[in-house]
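Pasting the structures here.
You will see chain A twice below: alongside chain B first, and alongside chain C after that.
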Partner chain A sequence: MLKRKRWIFAMLAILPTLAIFAYVRMYPIADTLRLSLHKWDILSKKKPFIGLANFQELMGDRLFQEALLNTTIIAFGVLIITIPLAMVIAALIFHRTRSRFAGFYETSVFIPHVVSLVPAAMAWKWIFDARLGPLNAFLGLFGIQPQAWLFDPVLSVVCVIVLCSWQALGYAVLIYIVGFKSLPVSLYEAAKLDGASGPQSFWYLSIPMLKPITLYVSVVTLVSGFNVYAQAFVLASDAQGAPGRQVRVLVLDMLENSFRNYRVGYAASEAVVLLAIVLVLTLVQFTLLRERGARS
Partner chain B sequence: MSEAVSDIAVEQAEGARLRFKKRAVDRLIDVVLFLFSILMILPLIFLVSNAFKTPQEMLAWPPTVIPANPTLDNFAAVLGQTPLLQWIANSLMFAGLSTVAILATSAIAGYILGKFQYKTLTVIFALFLATAIVPFEVYMIPLYFQAQSLGILNSTWGLLLGYLVMSFGIFLIRQNVIHSIPDELLEAARIDGAGELWIFWRIVLPLLRGALGALGVLAFFQAWTAFAWPMIVTTTRESYTIEVGLALFQTGFTVDLGRLSAASAAVLVPSVTLFILLRRNFVQGIASTGLKE
Partner chain C sequence: MTTTAVDTRTNTLKRGMTTAALLGTVLGAGFFAGLSAASAQTITVWSGYPEMAPFYEHVAEGLKATHPDLNVKVEAIALREHEKRIALGLTSGSAGPLVIELAGSTASRYIENELLPAAPDDISAFVKDPANFGEFFVDAVSHDGTVYGMPLFRGQGSLFYNTDMFAAAGLTEPPKTMEEYTEYAQKLTQRDANGNPTVSGWSMRLSGGGQGIAEKFWVNLFQYGGNVLVQTADGKWKADYANEAGRKALKQYLDNVFVAKTVTPEMPADAEAFERGQTAMFIRESWVIGDIAAKAPDLHYATAPLPTGSIALPTNLYVSAEGDDAKAAWDFAQATNSPENLVWLLENVGWLPNRSGVDYSVVTDKVPAFGAFVDYPEGYGFFTLPAIGPIEEVLTRLAAQLTSAFGNASLAGDDAAIDAYLKAAADETNQILAREDLLGQ
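Presenting the complex of A and B:
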């Protein structure tokens, strides 16, 4: 009797959350998959099933290819900048944990991660501004010609990478600091007795032992890199909002197809591609972690 | 005899030299970290300072950190041109309600999934886990049409629809329940005749205060900084969140950087202050992501 009562309580208590989850997560996810197989346009009445035709069209879509390429470059660019830098900065902050300024270091590195993106992007827009930005003025000191950072198709991708890395770094540093705190102190003392210098124990001890954390942070960074949207939207839309200069990224292309071209089914197939990328990355992470677990 | 003494002297000198070297290295690291920290927040410092500058001073090289003739013109212009306060109010409302919803659903679901062992619950937990992998951007378009059919576009409720639950919140609370609430405590209460609801309300919730605090801060900042979802759900100027409002304001024809900086600073300063005050909560929440398998 009591047991039955407890079961009823558990089910009744979980029900509202489950219902919300079903409505705002599971249903739209399933709907994305369904729409991707349909010619589902807002304007037309008929929304026929067309199999994989949307995906076939994506393969030949110039704008989609550009978006996929840009997004991939941005995601890996952010990864390459963020991971090594975060590891070093975290090691240094961890080394100086007892310093009076440790809190200041941690806070300032982390602030870019929590501030609202749009105001932060405004700051960077000013820095990159071709006419009155300090970056060009600074480079001018070394005799480098001013660059149109936000208008050049290559440089604007670089700008997005810089902005995203600036934001991603704080999170990675924080996770690495937690990682450093969990490493066994005795190992470092033994290494020190054997005459290892600080950089040596960082290279031969910390990096290998932090591998699972590196893997985790890398996947998180890549996944959020593939979902980049706001950064590209704000940074690369110039003051006049001129179209065509924007750094085309996957989410932007998807929203444009859905809300400007009214091709919802087509946009959904792009979402499915994005999902596939994220799933592959997650799978890679789990496989590598499991292999590690099996070996040790 | 004298040889031994000199040995000790040498050793002492060597020790002192090493200590000195270590201290010098530490100082050097401090300098590096200090410069790097400043570099990280420099864009934000300039943003705030630009907000108070005249158009002429904006062009000055090297850029000044403290404006020579501080002016409030930029702020006045922004408040005259945009419903900035309305946008901030919208964001506050949205982020506040989202926090409440996420705390409520995470606390209940986390507790049930952490302390009750039934097959059905295992399945439900697996479902939550599976949806957690899918990025929001993947399914936001169908969700938009759901909001449309409910007739809640351009409203706080429409914004809220995307931010009612947080998979990570449920995992966080579940972990906490498993690690910090002993079964014996709950059993003892049951033997004393306490009802399940009473146990949750009077025993479990108070013990979860720390974890819920951390989650609350995360949830608030998540909604406060949301961009893609508010961008598609709100299309009228009055319903924008501050992020959307600013992003679209900056694409306008007549906008200069001074006014943009003023609007941005008005948003940034309160949220950074709030973050510094709640730093401990925040770090605790973030640090527990993914690391506890």
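Presenting the complex of A and C:
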């Protein structure tokens, strides 16, 4: 009887939180799924049901395909750059924990993560500027011809990857440092006694033992990579006099379809595709890293 | 009890009373201020052109004489964000009493969905009075014959050219044909020792996002006799740029970028480049005159009409409010069209007012650059964006196609490839029209 009362009390206590979670998290997802099956222009009271027509149209939509490809390249590009780099930087910082500059190292790496995105992106826009940017000036010292960073179809995507990685790195490093601090020192001491060098300890001990951290950081990085928007928007926005090639990414395409083309149902179908991709990739990451983590 | 103790108590009592009196005064003032604030009316003006903010503030200041309790908040942001704000604000109905600046072509969606009310009778009569507005502007604020807005200004293009650079290149007059535009651009381009352009001869809109690229292309296309969309006999629409005019227009862009190399996508562009002496000429609306006056007053430049005609994109004011707020909002909208305010708009901002019967000569005489916008040759044509639902989508998708083409060197000089490119783009345009049941035969 007491157990049952406790259970009821626990449920009642958790109910408000669950209700809020359901309203602000689950309802929008469910409504997006519903909208993706309708034609709606955001202004009309009518929302005719059109089944999977939006998804069918998506398959042949050149701009959606371009956005999907760009977003995928950016998300995986950021992941590939951020994870190894963050792990190495975190190892170096952890190795120098007793240094009086340790705080400075951590702060300087983390600052890009907390800096407001728009001014940061504006600064990068200047760095990448084909005529006045310091990047081309620097490359010029080595005899490399100036590059149209923000206009070339490939380079403009690279620019977005660099900006996103620069931002994501600080957070990843911070989490890895926490991970390093939780690793048992005795294992490293034993490895040292067995004659393992620093890099060998890093490769054979740190990396396998940090797999749960790597799983978390890679999921967060990949998901935020697929949600890239502001970086692409600011780097190549349609500000007059500031040329730049608009790197079409999924979120930008959704916003354009929703509020410029007044096709909310169609944009919702893009959101569903994005949700499905992120879910599948997250599941794959969990499966790969957990299984291998268990074996190791 | 000693005298000192009594004095102390008296002083304490006095201080307490003084404090209470002060507190009462402050609370009372706050109460009355609250009452006063409650009785004041507030309307918000949403604009998509930041340079228009001083104009609306000027109008609000002038309106204080007849509406002392009217508080006008002006919120002017970039056009694309403004469009999103309207879509969300009007549908949620949470934005309060609004005066909204909107192109007639975009407003039609909101009117069809009953999100913008018809103008009251006195405003409608003012707008329909031929002494105030020409038929073109009345149509731009009307839907099925009913007036829904107040015409205000229009975007109309002309050529801006740097007279110092023209003189240095031995050019004495502006180009008169599109062929001359390219010839002039070649003569005006300044290059470094390696032959790379450092100052573009003709700044063309080659990059960025949004439909602006397609609108600029349409302006050039129009000079060759083409249009992005044309109305068919059945009242519907179809793409009209996969043809000779389209080929000539796109070829001109490609020739300038890849063959003559008078401009490159990464070069500074538009009004900012012109004001900094980084381009010799470009086509833009009249607001640039006000922008130059503010940012580059020493620039030597002139304007000229385009070879055959221009875009004329009317921007109007609409009201989203009820009762007394609506009355105040419409009063504000009408005040923008007072002759004094329109002359102020032309002189200080540079956008062209739409109202006729107003003496603008005080400004046009003083600033000769306005001449090209008001004194154009006979037979000079105008086009505007059709008031159809998918116009933004048509132009945004065409802009994406064009941006891609402007970066494709293999298209330059290959007429067949250009034709194929235009056909693919036109097919996409027609698909959008067909989806919305707007494709004409």
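Keep this in mind: the second predicted complex is superposed on the first by the 249 of 296 C-alpha atoms of A that agree within 3 Å, B and C clash if a C-alpha of one lies under 4 Å from a C-alpha of the other, contacts with A are read in each partner's own complex, and residues count from 1 in each chain.
Keep in mind that, in the parts below, a residue touches a chain if its C-beta (ideal position, glycine included) is under 8 Å from a C-beta of that chain, and two chains touch if they have at least 3 such contacts.
Worth saying up front: this structure is predicted, and the values here are computed from it rather than measured.
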Which superposed partner A:F259 touches (first chain B, second chain C, both, neither): both
Which of chain B and chain C A:L63 touches, first, second, both or neither: second
Partner chain(s) touched by A:A148 [first = chain B, second = chain C, both, neither]: second
Chain B versus chain C as contact partner of A:A236, first or second or both or neither: second
Touching partner for A:A267 - first (chain B), second (chain C), both, neither: first
Winner by number of chain A residues touched, once chain B and chain C are compared: B
Partner chain(s) touched by A:F94 [first = chain B, second = chain C, both, neither]: neither
First (chain B), second (chain C), both or neither touched by A:V278: first
Partner chain in contact with A:F202 - chain B first, chain C second, else both or neither: neither
Partner chain(s) touched by A:F180 [first = chain B, second = chain C, both, neither]: neither
Chain B and chain C footprints on chain A, overlapping residues: 233, 237, 239-241, 255, 258-259
Touch list for chain B against partner chain A, complex: 25-26, 29-30, 32-34, 36-38, 40-41, 43-44, 46-47, 50, 58-59, 61-63, 105, 108-109, 111-113, 116, 118, 120-121, 124, 127-128, 131, 133-143, 145-146, 161-162, 164-165, 167, 170, 190, 196-197, 200, 221, 224-225, 227-228, 231-232, 242-243, 246-247, 250-253, 255, 257, 260-261, 263-265, 267-268, 271-272, 275-276, 279, 282-283, 286-287, 289-291
Chain A residues within the chain C interface of the complex: 41-45, 62-63, 130-131, 148, 150-153, 233, 236-246, 248, 255-256, 258-263
Footprint of chain A on chain C - complex, ascending: 80, 83-84, 87-88, 90-91, 109-110, 112-113, 115, 206-212, 264-273, 389-390, 392-393, 396-397, 400, 403, 407, 428
In the complex with chain B, residue positions of chain A that touch it: 2, 5-7, 9-11, 13-14, 16-18, 20-21, 23-29, 31-32, 35, 89, 92-93, 95-96, 99, 101, 104-112, 114-120, 122-127, 129, 132, 134, 137, 166, 169-171, 174-175, 178-179, 198, 213, 216, 220, 223, 226-227, 229-230, 233-234, 237, 239-241, 251, 254-255, 258-259, 264, 267-268, 271-272, 274-275, 278-279, 282
